[in-house]
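Two complexes are shown next, each including chain A; its partner changes from chain B in the first to chain C in the second.
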Partner chain A sequence: MIVELLESHEDHEDLEDKVSALPVLALTEARRLLRHPLTLLGFALFALSVVTEVGDYWGPRPAFSLITNGMVLWLGVLVFFAAELVASASRRAGGDELLGVLPTSRTRRTAASCLAALGPFLVACLVQAMLCAGYAVWEVPLERPPTIFELASGPLCVLGAGVLGVASARWLPWRGSSMLVMVALILYNNIGDEATGRHLLGFYAELPIWGQWPYRAAKGFHPGNTDWHAVYLLALCLGAGALAMLRDSPRRWFWLGAGALTLVLAVVAGWAQLP
Partner chain B sequence: MGATPVRRRGLRSLAGLAPRLLRWQPLAGAVVIVVVVLIWPTEGWKGGVWSLRAIALALAMGALFFLDDAAAELIAPVPTPLWVRTWTRAGAALLATLPVWIVALLVEGGRLPGVWVLWLSMEFAALLAAGLALTALLGRGRGGPEPGVLAMPGMVLIALAMLAVPEDWNLLSLKTTDWASAHVGWAAVLSAGVTALLWAVRDPGRSGWRSRAARPSSSATRP
Partner chain C sequence: MNTVVVTNVVKSYGRYRALDGLSFTTGPGVTGLLGPNGAGKTTLIRMLATVLTVDSGTLRLLGRDPSAERLPIRRRLGYLPQEPGFHRSFTVFEFVDYVAILKELTDRRERHDEVRRVIAEVGLAAVSGKRIRALSGGMRRRVGIAQALLGEPELVLLDEPTAGLDPEQRLRFRDLISRIGENRTVLLATHQTEDVAALCGRVVVLDQGRCAFEGTPEELRRVAEGQVWLSPERSGMLSWRTGEGLFRNIGGAPAAARLVEPTIEDGYLLLLGDAAVGVGS
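Up next is the complex of A and B:
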């Protein structure tokens, strides 16, 4: 009997090696993240902001801002908190010890939580595509059409927010720490001046110049390379993922190396985006 | 020994235990944020208004953790009713945040038109009341005995919603004329917060509304 049990256990381990539970876990986590009230309300807030912009502030400048960085504020902030809450749910419920005895390791659960951030990212891409279609149908006047890299910056920030939320949950397991992380992000976002183009070092980067009140007219664009800005944001997303994995993975040197590589990429892209 | 000295001694020992009974660490983090915001360079009276609004939000988010009570389910049957325990914690939150707010007003007040000091204090009171009410409601609902971690992003959501609404409904306006509607709105938030807090701290055993005892205890499920 004991031999049979041991054999079945070995079979289970073999099966575990062959069929990774990661995709299933990632899908489950993505579903939890997408159904989290904060994520749903984030999408609702973005829709409300679109309605408000159309009603109160519509013009070439607001239309360009909305489609390039609108998602960062209304959706990205809330996805960060939602991802932090979802990733820390088992710890807050006192269930980490229970999960610890399962065949799926904590490393794999962290990886699944990071991959789950692709859920809001893909939905954000879909919403962005629908917004682009709306602009085309209603022939919204823009100073120039946004590039694919400019359109990607909003969803990329949503992806980064989700992954950073997981990293925050893993590295800072104290109540209220996510508030400090968010404030640090906001302060970091304000380090650069728009006139010099250094505002692109932040995440909520305003691309068109606002001009005079009521800030609706097309007045040109701030200096800086927005293609490299998207690469910079992607590097930061990957870096946040490496940071989250570094906490739990036994292969610490691998994730340290990966993090260092993404840091180098972020520095290069951050430098290249400046005018 | 009379009753008053005994009560005094009890209050003194309770005050000594406060750091262990209250979750003060998030508020300490909020005070660090307040210091950073105060030294962060901003221009003009509009910068001052936004700085004080950020400070009000940070303090409200830090203070709402005072309602976290890990032992809430254990001490539920004690003779001290829920409303006394919650209002004591809410009072401690007010006592802890008020001096910080006054210092912030003294630092930023010099560059603000006088009326803004009053109106921003009202916004602070409304945010504090709304935060505490949201925490108490979550604690009574699905948030468990430590709902602060859920209420904090809820406050961020409320702040973002205030920014996203159409201009006529916007409570975070910088208008110096026609601002009556915004301040009526803030008064409504303050009233709703206090009312919701009053409602949320009713004794669950007497109200007949989803008794705590009927729900599975989160502490009972822990290993």
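Up next is the complex of A and C:
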């Protein structure tokens, strides 16, 4: 198998395949990702958390958390695994040989899988919008209305999870490797504490202060710039995409450059978001 | 016109030479590829399908060199690997449709028509909404044949397409492939000499990575002409007991033997001698 993988290295000729196949393929991949049981489970769990919050612990603090980072757990986590499984399905089934000789290059397939992560992202945006409308209709008490950047951070984490799942499938083609990536993400997420605002470097970043029981009471917000936090998350999404594309594309320098650029942006935004 | 030209091709896996200076040519029509296990059939088909590259020697497919012009060849190719490996959660329709998209059939209506056509060709229309993991082995094989026929490819490579098909489906397959072979090049690797007899205009026999025979099925049959005997006793290695209790012997005449008409299988067995029955090297 190693022999074959080496021999089918893509070159520039492979990129002369039909570009018009990309949107069709991306739509198909998005449908696969959205219909994956783990993605469905993620949305179901988010709906469940909305219902339980509304039913039991309603109050300014949990309501604000729910609408900003509520999507990261579990929807984001599950979308990461779903994307990894969908992107690696043909390899795990032993179907790479059949698909590998079709005119659409592997690079194009990877691009389609990355674009497909927009599927769950858009649905997450829609869910977020519906939740906002629900808050308005039921006049849910909030300490202050969330900014558009704070609202975006949940769907952006879902987007990043999907794209990183594809990158993980391309670079780490071993059973269980996605688990290791998730462990690394969790470890990274616990970087810095909330008092210093450095928790914003993670993905599951709590914005309101929890304080003592009853947690639902309003206690103000952790320090840090949430506008830059959204830019930071977006840069990480783009970086994951560049990483995925770098694997097979013959345009190595292009994707290395794009990756370096997003890394610089992530570092700048990551630094700017800290208090 | 020769659509497949193989000249002195060598392919090694590590130190082992799977193809050892193989040469043959073929054109439109159905060509059968016979040979014992490990003869190099799959290795050859993989090279023709642009999965593998040659170590030395040259290949020309549809008038092009696959090492320089891979994509134009891939656009005109239909390929069924020996072990296709399907995404098992896809339905039959979804899988063939997915392959059709990767074959650059972007117009939705045209693509769906084409997908339905090939699914019907292999007789799977009734199960096209079923998940592939719920299909029998023979049905899965037919899904593999269906995807290879998408877009009417000019070069069709099938690695053991009839393995696991029931007799009715084999018949159907022969009819389908012989129709395709009227104006396109079909190469099929197989162990079924009856398929070769029924379907192929040419046959190539591989043995230890070399071409042991190249000709028509009739010529292969005639290799054993005058050397197939029915007798009450076994003689030599190429001999087996038939249903009527007599022994069918290939080679020299045993005692009290009756000469019978050879089949392609007899020719093939005689040609390969010991290699065919698994002794010798």
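Quick note on the criterion: the second predicted complex is superposed on the first by the 256 of 275 C-alpha atoms of A that agree within 3 Å, B and C clash if a C-alpha of one lies under 4 Å from a C-alpha of the other, contacts with A are read in each partner's own complex, and residues count from 1 in each chain.
Simple rule for what comes next: contacts are C-beta pairs under 8 Å (C-beta built on N, C-alpha and C of every residue); 3 or more make two chains touch, one makes a residue touch a chain.
Nothing here was measured: the structure is a model prediction, and the numbers come from that model.
By the touch criterion stated above, A:A21 is placed in contact with chain C alone, chain B being left untouched.
Of the two partner chains placed around the shared chain by superposition, chain B is the only one that A:V77 touches, whereas chain C remains out of contact. In the overlay built on the shared chain, the residue A:M182 is in contact with chain B alone; chain C does not reach it. Of the two partner chains, neither chain B nor chain C is touched by A:P250. Of the two partner chains, chain C is the only one touched by A:R109; chain B is not.
In the superposed model, A:A89 lies in contact with chain C only, and not with chain B.
In the superposition on chain A, A:L99 makes contact with chain C only, while chain B stays out of contact range. The intersection of chain A residues touching chain B with those touching chain C, taken from the two complexes, comprises 93-94, 97-98. In the complex of the two chains, the chain C residues touching chain A come out as 13, 46, 49-53, 69-71, 74-75, 77, 79-81, 83-89, 97-99, 101-104, 106, 108, 144, 147. The residues of chain B lying in touch with chain A in their complex are 23, 25-26, 29-30, 32-33, 36, 40, 58, 61-62, 65, 68, 146, 148-150, 152-153, 156-157, 160-161, 164-167, 218, 221-223. Residues 38, 41, 45, 48-49, 51-52, 55-56, 73-74, 77-78, 81-82, 85, 88, 92-94, 97-98, 174-180, 182-183, 187, 190 of chain A are the ones that touch chain B when the two sit in their complex.
By the touch criterion stated above, chain A contacts chain C in their complex at residues 3-4, 7-8, 13-14, 16-18, 20-21, 24-25, 28, 89-90, 93-104, 109.
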